[in-house]
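Mind having a look at this structure? Questions to follow.
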Amino acid sequence: MKTAMLIGRFQPLHLGHLSAIEHALRKADRLVLVIGSSQKSHEYRNPFTSGERMEMIITTLDNRKLLDRTVFAQVPDVENHALWVPLLKSLTPKFDFAISNDPLTIRLLEEAGTPVEEAPFLNREELVATEVRRRIATGGDWQPLVPPEVASYIRSINGVERIKALFAQQDANSNNKKV
Amino acid sequence: MKTAMLIGRFQPLHLGHLSAIEHALRKADRLVLVIGSSQKSHEYRNPFTSGERMEMIITTLDNRKLLDRTVFAQVPDVENHALWVPLLKSLTPKFDFAISNDPLTIRLLEEAGTPVEEAPFLNREELVATEVRRRIATGGDWQPLVPPEVASYIRSINGVERIKALFAQQDANSNNKKV
Amino acid sequence: MKTAMLIGRFQPLHLGHLSAIEHALRKADRLVLVIGSSQKSHEYRNPFTSGERMEMIITTLDNRKLLDRTVFAQVPDVENHALWVPLLKSLTPKFDFAISNDPLTIRLLEEAGTPVEEAPFLNREELVATEVRRRIATGGDWQPLVPPEVASYIRSINGVERIKALFAQQDANSNNKKV
Amino acid sequence: MKTAMLIGRFQPLHLGHLSAIEHALRKADRLVLVIGSSQKSHEYRNPFTSGERMEMIITTLDNRKLLDRTVFAQVPDVENHALWVPLLKSLTPKFDFAISNDPLTIRLLEEAGTPVEEAPFLNREELVATEVRRRIATGGDWQPLVPPEVASYIRSINGVERIKALFAQQDANSNNKKV
Amino acid sequence: MKTAMLIGRFQPLHLGHLSAIEHALRKADRLVLVIGSSQKSHEYRNPFTSGERMEMIITTLDNRKLLDRTVFAQVPDVENHALWVPLLKSLTPKFDFAISNDPLTIRLLEEAGTPVEEAPFLNREELVATEVRRRIATGGDWQPLVPPEVASYIRSINGVERIKALFAQQDANSNNKKV
Amino acid sequence: MKTAMLIGRFQPLHLGHLSAIEHALRKADRLVLVIGSSQKSHEYRNPFTSGERMEMIITTLDNRKLLDRTVFAQVPDVENHALWVPLLKSLTPKFDFAISNDPLTIRLLEEAGTPVEEAPFLNREELVATEVRRRIATGGDWQPLVPPEVASYIRSINGVERIKALFAQQDANSNNKKV
């Protein structure tokens, strides 16, 4: 049995993530899906709690019969980045290879001897999540970028209002930053 | 769909835990299985990493066709115990009720408005885990207390040697504690 | 007896804060005054220690006969923002309603079921504190923005020099940030 | 104006604490009352949150006309004990002298150049708090050891049940500690 | 015997640092060399671990017969800046004076009663380290700015590739920051 | 050139440590001497700050011409013990082998692929440090167990009084622990 590992912040889960998950589950029998920055929530770059992110992913994968072969892990950030891979390993069940397109993640995993494959559908992962949040914050058309289950979950927890409030606050802070 | 939540340290998973998990999955459609003290490892009361504990549980539940309906979450300890339930909630997907026999866990969850059911098979949960570790440390007959998958996993990662080393060290520290 | 709660960073206490405190003490019999980001000091956005901020407030309120009905609490930042309201509640005596103009604070408190009233005089709270620090840092006319007690306290602890040093350092860091 | 500083964990406030506070307010015009181990709660040695402890103290002092001259501060524990006095100083307004009977506190404060006076009524401070908790946990007659306001506050928040649950859990853990 | 103390992040050690160390060892018999931000690594402003930074410095000083009179200490950042000098003191052996050109460091040390001398060769310390990292990241001619031992150490651990990856990631994050 | 690594808490440095250091410097050209639990001080098992411990060691080694070949590193404790070896490696320059008699340290280092040699003179390392502290606390004859430089350093900083105060406080706490 072959196990893949895929890490993301999933703020929120979007179609690029979903493609990467589907890709991983074609290449492997089981997927360890790691919720990164798991201790973060209610800030503009990380609006949703780890539990909320899991809920979006569970509903989406369940509807596509992908949940059965997926196992979750939750990895908080660590201040000393040299400890990030050891922390990840202490918090995840064994996996055979990682899937990533983030150059630093690839570097750190490879330095630690973990095989890494690039995810063809994930290249613009962070860009897309950023774009989803920007559209939500500014009243743009964000729903086509995420699975329908995610859109309806975000609406059900008043996530649009939360992201707008976080955006407004960040805006104020960044204007005031220097003065 | 009904979701139960069960929390334990699983140091290691034993037959009492397994009965409780089976009980939970009879009462609910899905189980959120929470690895408590997830940041702890390599100490006598917490010998295994969160990832190792997940591995034991995955193999055991998979063989019993229980893994498909189980979702993992990982909750570290928090120094201010008044924040433990809010932390748990931020790290877990929504659940309908909790299953526990620990009086303090029951108290904290109920104060926070979460319904809790007692787990008939779990009553002596901590006692059994303690007994497993004690038997491993002192060369006793520990294997009948755990599922066979757990016994063979612990042997495969030299877990017996690890627990003996941790026991020896704790012993030395506790003799020296006062002097 | 009715108790209000007002939270601010008070870096430093300015006339907008003072109006809001006076407003709160007209609406309530007692005020829980929360020093936010209490663990921060000696950085440009947070130049004063929690103790120094308390000293400014004590002298100012005492002279206006407002200290008797004021109780202090000190709340540090928390990385997981989902825990901020529970932390605040664990560190404060019971209060009947909060007074705030910060949209995120209002959101978080209301989600947690705490009644919140807007403070008419506080709207530009953060802007004013930012402006006070900017004027201090750049030699502008900052003293009209704060109660006279605060101005004389800041001078007595060489706070002007401290803020200038912190401003200079932030300036250097931000120029160098990317290169 | 003379300011005294008194530090305690107040788990819970008892008659020894109250005598010491009264003593301090005879020797000084104002008292900085420091809630120590402010980040702890819901454990047997620290059953009450910082906010709950403040509430007990506020009611008790208010009834005795002592609240007006009292200012609260909250100091969490720090792992590096060499930083405890600097942390205390960063979190408290200026005070002229400290009142303590704890030999280590006296030592640390004096090494840092802070004048310390012994509190005649406080000598057995920790012993009394310990005895209060023990009596609550074991159904003994605890109410004569605390001000009546504290007794009624503890009952009103179901504090007796909480302490019993924490005691039971500690008991289990300590039996299991080694095995 | 006279001991000097010099603090830097040494990301990486450059010729300005080396001049300052030589200067310190002309003014004192022994030097306490403090690795600041010791807990940081693998981020663009702090690419090297504390151990890697020590290795660069050891080789460079050893070749110049300066290592014998140098003692290392490692000081992590602290969130409450008011505790930085006490932390530094708890982690270093006694020294007679500090050498620094950073205005805030000078301020904090002088407020704490430590004599500070300006380092004539160090004035542009942070600027030079920033420039070294920028040139490494962008393929510029960085090697003339550092001792030859540092250049060859950085190459030997693939430090150029690491800094380029960290730079690329920071770049992406900063573009995405707001949106 | 061959580099050894030796880790200890050095609370305080005693003759067993000194023998182990001398042994290490016969087997290697250079020694990385790691101050463990570097963030601890002013508690009975860890009475001295990291800086104080370095001072004792510096004087002792300097008098024996061993300081020139010794390099210090400081490693704090980490809650997740699975991260201890990665943390140690991030904070130390490269070494060829470790010297230890602690079974857990040996286990963790060997699991991480680091060669470890047993230190013939160090076997009772923790026992001796414990005995030194016990004798200091109880007025016993402790000075023959440590190098004369350490004895005179401890006296010069009033270390005997500090250890007695810490012992008294621990004693009180441990009597009260359960009640």
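Just so it is clear, A, B, C, D, E and F label the chains in written order, and each chain counts residues from 1 on its own.
The criterion applied here is as follows: a contact is a pair of C-beta atoms (placed from the backbone, for glycine too) under 8 Å apart; a residue touches a chain by one contact, two chains touch by 3 or more.
All of these numbers come straight from a predicted model, not from anything done at the bench.
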{"item": "Count of contact steps on the shortest path from subunit B to subunit E", "value": "2"}
{"item": "Distance from the mean Cα position of subunit F to that of subunit C, given in whole angstrom", "value": "45"}
{"item": "Subunit C-subunit D separation of Cα centroids, rounded to whole Å", "value": "27"}
{"item": "Length of the line joining the C-alpha centres of subunit A and subunit C, rounded to whole Å", "value": "35"}
{"item": "Numbers and ranges of subunit A residues touching at least 2 other chains", "value": "41, 49, 80, 82, 89-90"}
{"item": "Chain contact topology (line, ring, star, complete or other)", "value": "other"}
{"item": "Chain pairs in mutual contact under the definition given at the outset", "value": "A-B, A-C, A-E, A-F, B-C, B-D, B-F, C-D, C-E, D-E, D-F, E-F"}
{"item": "Subunit B residues within the subunit A interface of the complex", "value": "38, 41, 49-52, 54-55, 58, 67-68, 71-74, 76, 89-94"}
{"item": "Residue numbers on subunit F that touch subunit A, as the complex places them", "value": "80, 82-83, 86-87, 89-90"}
{"item": "Subunit B contact footprint on subunit D (complex, rising order)", "value": "39-43, 49, 161-162, 165-166, 168-169, 172-173, 176-179"}
{"item": "For the subunit A and subunit E complex, residues of the former touching the latter", "value": "45, 79-82, 84, 102-104, 107-108, 126-127, 130-131, 133-134, 170, 174"}
